[in-house]
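Chain lettering (A, B and C) follows the sequence in which the chains are written, and residue indices restart at 1 in each chain.
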Amino acid sequence: MRQVTHILNTETNGPGLYEITTPVVNWCQKQHMEEGLLTLFIRHTSASLTIQENADPDVCHDLQDFFARIAPRNGPYRHSAEGPDDMPAHIRSALTQTQLTIPLTNGQLALGTWQGIYVFEHRDHRQRRQLAMHLLGE
Amino acid sequence: MRQVTHILNTETNGPGLYEITTPVVNWCQKQHMEEGLLTLFIRHTSASLTIQENADPDVCHDLQDFFARIAPRNGPYRHSAEGPDDMPAHIRSALTQTQLTIPLTNGQLALGTWQGIYVFEHRDHRQRRQLAMHLLGE
Amino acid sequence: MRQVTHILNTETNGPGLYEITTPVVNWCQKQHMEEGLLTLFIRHTSASLTIQENADPDVCHDLQDFFARIAPRNGPYRHSAEGPDDMPAHIRSALTQTQLTIPLTNGQLALGTWQGIYVFEHRDHRQRRQLAMHLLGE
């Protein structure tokens, strides 16, 4: 058994879900493993990860709206030094994922038919986000 | 070190938490490993995974009610083509887990005394849900 | 490739976020691995795990307040036998993480600059919390 690591860089430009399924799948395929375990870890606390439906783009917009309602910009927050979008970004990150682990079987990630992997950006301005990827298997 | 994969199929019949601790534990024990790492991955975006108390069934009902309040059926959603239960199902999935990873030590999953593993079904009608299981260890 | 497991015990004293980055990092370094995968699993359903900003302590207080608002003590819960803090504790656990997995590269956990690992205690009274740790790599 062997392991491979990689840093995937993604640019985001404002709040929303950014699909990264294709670069993740492509990188995995280049490692030529048949069975294994992929871990994605986002190295930030104001952006997060989620697996969601990638068929109807309205799902992503509704998710974005939901998190904006539940953790609004104008909440009763102490932490405001980094702007009005920062504390809700931390809350929305806590409610979703910093890390995802996906089995690999028969050379394919075990994603269901409609599952896409997304970076969920919670901040207003353009950001460069880093994901640590780790694949273990053979 | 070696790895084993498996698909666990579960039937659900309406919203709620369905405990899968027994089939998961049984499958692990059949692999005869002493130390390792188990990953469960649900291949859907309208059902999810959670680890919760399995002593008092009221906990599961209260959880179900909480998620029905926080992401209600009649929310202001764009995505409605798949029925009024679909968009809240995606939100409730985003708020819980698509994947769980549990260490195995001394031949046992590291679950605490009151921890049970659940499929959290968010849709109204009968569904067949697939979980990809991956166990690594020796 | 090899694996090591460990139980990390933490004491908490009331609701809030308790940083455990230092003991986790120290334990990993003692295993002398260059590349690998660390899994933390909390063996409870009324305390959870989260990765959050560890620069401004206000972030942790705001997070604590948010979860107290969204899953309040005086909610319409059936489950009350274990006290008014127990059912909200289960909900707050379901909304955050029971498990975190972090890649290790070049002998370091892949945590970003501002990321800290926290036990999120949801119960009122002093508790002893157990985390199962599993490190795999070489």
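The rule we apply is simple: a contact is a pair of C-beta atoms (placed from the backbone, for glycine too) under 8 Å apart; a residue touches a chain by one contact, two chains touch by 3 or more.
Remember, predicted model here, so these are calculated numbers, not experimental data.
In terms of the stated touch criterion, the partners common to chain B and chain C are A, listed by label. Mostly differing positions are employed by chain A and chain B in their mutual contact, as under half of the interface residue numbers are shared between these two copies. Chain A and chain B have Cα centroids lying 20 Å from one another.
Residues of chain A found to touch two or more other chains are 1, 37, 70, 95, 97, 101, 136. For chain B in complex with chain A, the residues that touch the partner chain are 1-3, 5, 37, 39, 41, 43-46, 70-71, 75-79, 81, 87, 90-91, 93-95, 97-99, 101, 130, 132-134, 136.
Touching chain B in their complex are the following residues of chain A: 1, 35-37, 50-53, 56, 58-59, 61-63, 65-66, 70, 95-97, 100-103, 105, 110-112, 114-115, 136-138.
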